[in-house]
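Shared between the two complexes below is chain A, which pairs with chain B and chain C, respectively.
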Partner chain A sequence: MGVEDENNFKLRPMKCELNYLSKSDGSAILAQGETVVLVSVNGPLDIKSNSQSIEKATLEVLFCGKGGKPSVADRFKENVIKQTCETAILGCLYPRTGISLTIQELEDYGGLLTCTVNCACLALLNSGMAMRHMVAAISCAVNEVGNLVLEPSYEQVQSSRALLHFVFESREKNLVTGFTEGSFSEDTYEEALARCRLASELVFDFYRDIVRKYSNVI
Partner chain B sequence: MAEVYKLIHPVKYFNDYINRNVRPDGRKFEDQRNIKLNVNAIKSTDASAVVKCGNTTVVCGIKLELAKPKAEEPDFGFLVTNVELLPLCSSKFRPGPPSDHAQVISNIVADIFANSKSVNLKDLCIVPDKLAWVVYCDMVCLDNDGSVVDACIMTLITSLKSLTLPKVNYDVETEEISVDTSIRTPLNINGLPVATSFAVYQQSPRSIVLIDPSAYEEEMCGGTGANLIICWNNGQFCGIQKFGGSNLSNEAEKKTLIIAKERSKLVEKVIETCLKNEIK
Partner chain C sequence: MKEVFLSNCEKSFIQKIISEGHRLDGRNYNESRKLNITFGSQYGSCIVSLGETKILSQVSCEVVQPKQIRPNEGILYINVEISPMAAPQFEANRQTDLTVYLNRLLEKCYKDSKCIDLESLCIVVEEKVWSLRVDIKVLNHDGNLIECASIATLASLAHFKRPDVTRSGEKVIIHTLTEKDPIPTVLYHYPVCSTFAIFNNNILISDPSFIEESVCTSSISSEEGNISGGLLVVGMNQYKELCLLNLTGAAIYNSSIVHRAILSAADKCKSIVDLVKKTIISDDNLRQKRVKINFGDIITSDHVQSLSRKDLSICLKNFDLNEKTSPKDEVMMDDESDVELEPSKYDVVPSLPQTAEIKAKKGASTWIEISSDSEED
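On to the complex of A and B.
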């Protein structure tokens, strides 16, 4: 893989619409390639006193899969999104309140979780929630020969040896969340991390374009 | 006095320790807690192990059963892992159905173990499409004082290493099953996955990495579930997970990878010594 290759990567085409739902405080629908996710944000709102925190807002994440029935795997996805968004939101500005994030999976052709994290970030931006930084998720597959494929398609995911997912923040491009499937060497990990970090810039640019389109002031 | 101080100024209390490059329990940043390991602690199981990392205690028991393989995967056996975090182990857990956190931990352990590919599920098949082993690995946390995933992976792999499968004869015509418990073969295990947890404490401008954090440290570093967990097996990583919490810089992240590799060597030695002593 040459240097040229590293700088000329393309992500799967992203299409987004904000304010997709009329009744929620913020919503976004995002398609990355053929994977489509819809996220709605409500809050800050009143919640039960036993789940209130006096220090920061409580984030509730509900993930609805396409199949309908909730499973342990869904809890895991909810946890990933909750932990990531909790870092991004300035929760200390909304103490004793709740913020609810509802996610509906519409199509899954690989990279569902990365698409969900990006869509959640867009929905949070749309709702006007105070945030510490934005987050961008990028996934990377290691194919049979050991080469890295950024934002793999469905077929590439099926045939890959390992899958690595990273979420970066917009300010210093530090790692917020990372999780992996399969096994891989240290060099692969370092390279994947570096390339995904570069690619996250494209996602942030995309956020900027989308927000500019919907905003009259900027 | 210190106890009162801890309650009144929790953040400052913790910060004061960190500023002096020491942790509240007296460890340095890169010191881990002592590991105590015991195999075959429960006689009624097919294999078992207890591990104690500092105060964190996890017991693993393995139960064997026979079943028919799934039609879509006729030559695969089953390995089912489950982690239970009962109210016994921490005041954070209430009686009733497993909490979200418990489900997530269970999922992480199962994921790490599946990704390490240490057990080939084909080895658990006896007769394709007819008979296969089901290995139930139940882990119960007795005391949760942080880094539960590390302890779970350690007990799980130790018990699997000490597991022996009895010989099974299957008559294809009469479909009769006879188990001969006198002839036992050990289960083939590939490598030895070792997980290491790190808590990341943001003290701007630097981020401090605490190895093998206790429950108190986990709470100060962004709550449970915000740990960075690195699993190393056979010269490869089989799981690097971090969910939110404090952000990790590039240099700190490189350091953690090196420490995780070093720690895995140590844990491997502990497990091997323990198993060797057991055989004697």
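On to the complex of A and C.
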């Protein structure tokens, strides 16, 4: 199993471009496999006084689907991203301001939410926002036989029994967000968590590469 | 966030250089920015970029009941959204004047010009028709949204293919893409909008950037007695037939401007339509060869190298960055020595930001000390 595990840790190819939009304070476009997401960050900027907070910056997240009307599923994604990013951003440095995070889905071939979280983190890095830590999201599917598949493709998601999503922070590799769909045993959960934690290292390496590449130029 | 207003300085500067025949980014009066169309993996999705202005368009379809007055026609619905992604001053889920204006212009251009064969979208009269929905999302607002949005709408409508349908008696079967080849939308003609900014009541500038747009529209309201600016939108198809005219400011009173604009729009619209057709054909060929097309392709790494150059939005007319790199370095060296000798000549003094702050604080504290002394006296 050990050899197989190592092979499984190959994530889908990631491609990223920072500063894609000129009018936003920070923006990133990220492709993970065939799934593509564009995120822009604006802030800290002044907002309406009734949504201001004295203690920390207010984070507003807007998720735009590709076509059609906004749905409840979009609100769910917004909520997950908002709670994840709120722990990552050092909001107490910017009291009485707002930070707006706008997400545009470009292509969805599975793993949209993990791609969105990673892209949001890259956009926040690009905008120069003060952060406690970076975040990396990894998803894991349990297929019909009961084996774990890291970063499943679109077809694998469709045929899977359960889907587990984890978000880790960069310092201690602690779990920030976790949510699951479908049914699975406790052991499977523990194993998936451990594997995803190892795989998150690859995502952080990717962040480091991207930032190094761009900071070299600037 | 509130919109950042332009200062009078900027306004008069733009007015001045344009009357002298220059533009901030070094273009000629009737030169457009670079147009780029990329298609996504689905039919009818594309990103159009005109310079830095970027718009995402997606066409989707569903079967609905037709309207009572048009029982044998399909429905076309256009929806424009401007999220805070476009620029920080826009609010989420809020309709602004700009969205309504854009929506109406696109409806005029594509619905009222009857460029789409709506009757071909009918499945069963009075019962089932296709409803096409075009979602326009502004990703980056750097001026001339109208032209960019209209190209995006046209490209995605022309690229879109709807699933095939067979009728057997009362039942209607919608085939998936794998079962039967999808059917393209029938377009009688290809209308495209082009925008002109008017300066000094007679200069026409095509494809205005954000700053040029705001200068020429602000000169509508400021000098009410004599209007010299304004935006002029001309919609034309590839046969050089006029589909849409939208006049504001100076264009309303000055018909010669409109005539000139129509003449220069005719060739421009033709070339845009040709480009749209060409990209759709090459995209179709790639798809037939089963090449996977994805929005991931727009991510390039050459942007990393050109980052500093790309952000250089202000260009001189006769200045080529590529050509003059080697002599430029020498000039730079000379410049640096100049700066060291007399730094006060330049507006931007290269100093640490903290020093300025500390100075201000010192000034404030001395002022307080003096005032307290006077109170004691």
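We take it that the second predicted complex is superposed on the first by the 210 of 218 C-alpha atoms of A that agree within 3 Å, B and C clash if a C-alpha of one lies under 4 Å from a C-alpha of the other, contacts with A are read in each partner's own complex, and residues count from 1 in each chain.
Everything below uses one rule, namely that a residue touches a chain if its C-beta (ideal position, glycine included) is under 8 Å from a C-beta of that chain, and two chains touch if they have at least 3 such contacts.
The structure displayed is predicted, hence computed values, not measured ones.
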Query = First (chain B), second (chain C), both or neither: which does A:Val203 touch?
reply = neither
After lining up the shared chain so the two structures overlap, which partner does A:Cys119 touch, if you call chain B first and chain C second: first, second, both or neither?
neither
Applying the document's definition of touch, where does A:Gln83 land relative to chain B and chain C: first, second, both, or neither? first
Just to be sure I read the superposition right, which of the two partners does A:Leu45 touch: chain B = first, chain C = second, or both, or neither? second
Problem - Contacts of A:Tyr214 with chain B and chain C, given as first, second, both or neither - result: second
Looking at A:Ser100, would you say it contacts chain B, chain C, both, or neither? Reply first, second, both or neither. second
Margin query: In the overlaid three-chain picture, which partner chain does A:Glu181 touch, first (chain B) or second (chain C), both, or neither?
Written below: first
Residue overlap on chain A between the chain B interface and the chain C interface none
Listed in rising order, chain C residues that touch chain A in their complex are 1-2, 40-41, 45, 47, 52, 54, 56, 58-60, 81, 83-88, 92-93, 133, 135, 137, 139-142, 292, 294-296, 298-301, 303-305, 307-308, 311
The answer for chain A against chain B in the complex is residues 72-73, 75-76, 78-80, 82-87, 164, 169, 172, 174-186, 189-190, 193
The residues of chain B that touch chain A in their complex are 100, 103-104, 106-108, 111, 115-117, 222, 225-226, 233-250, 253-254, 257
Counting only contacts in the complex, chain A reaches chain C at residues 15-17, 19, 21-25, 27, 29, 31, 34, 36, 38, 40, 42-43, 45-47, 60, 62, 64, 66-68, 70, 100, 102, 104, 106-107, 109, 213-214, 217-218
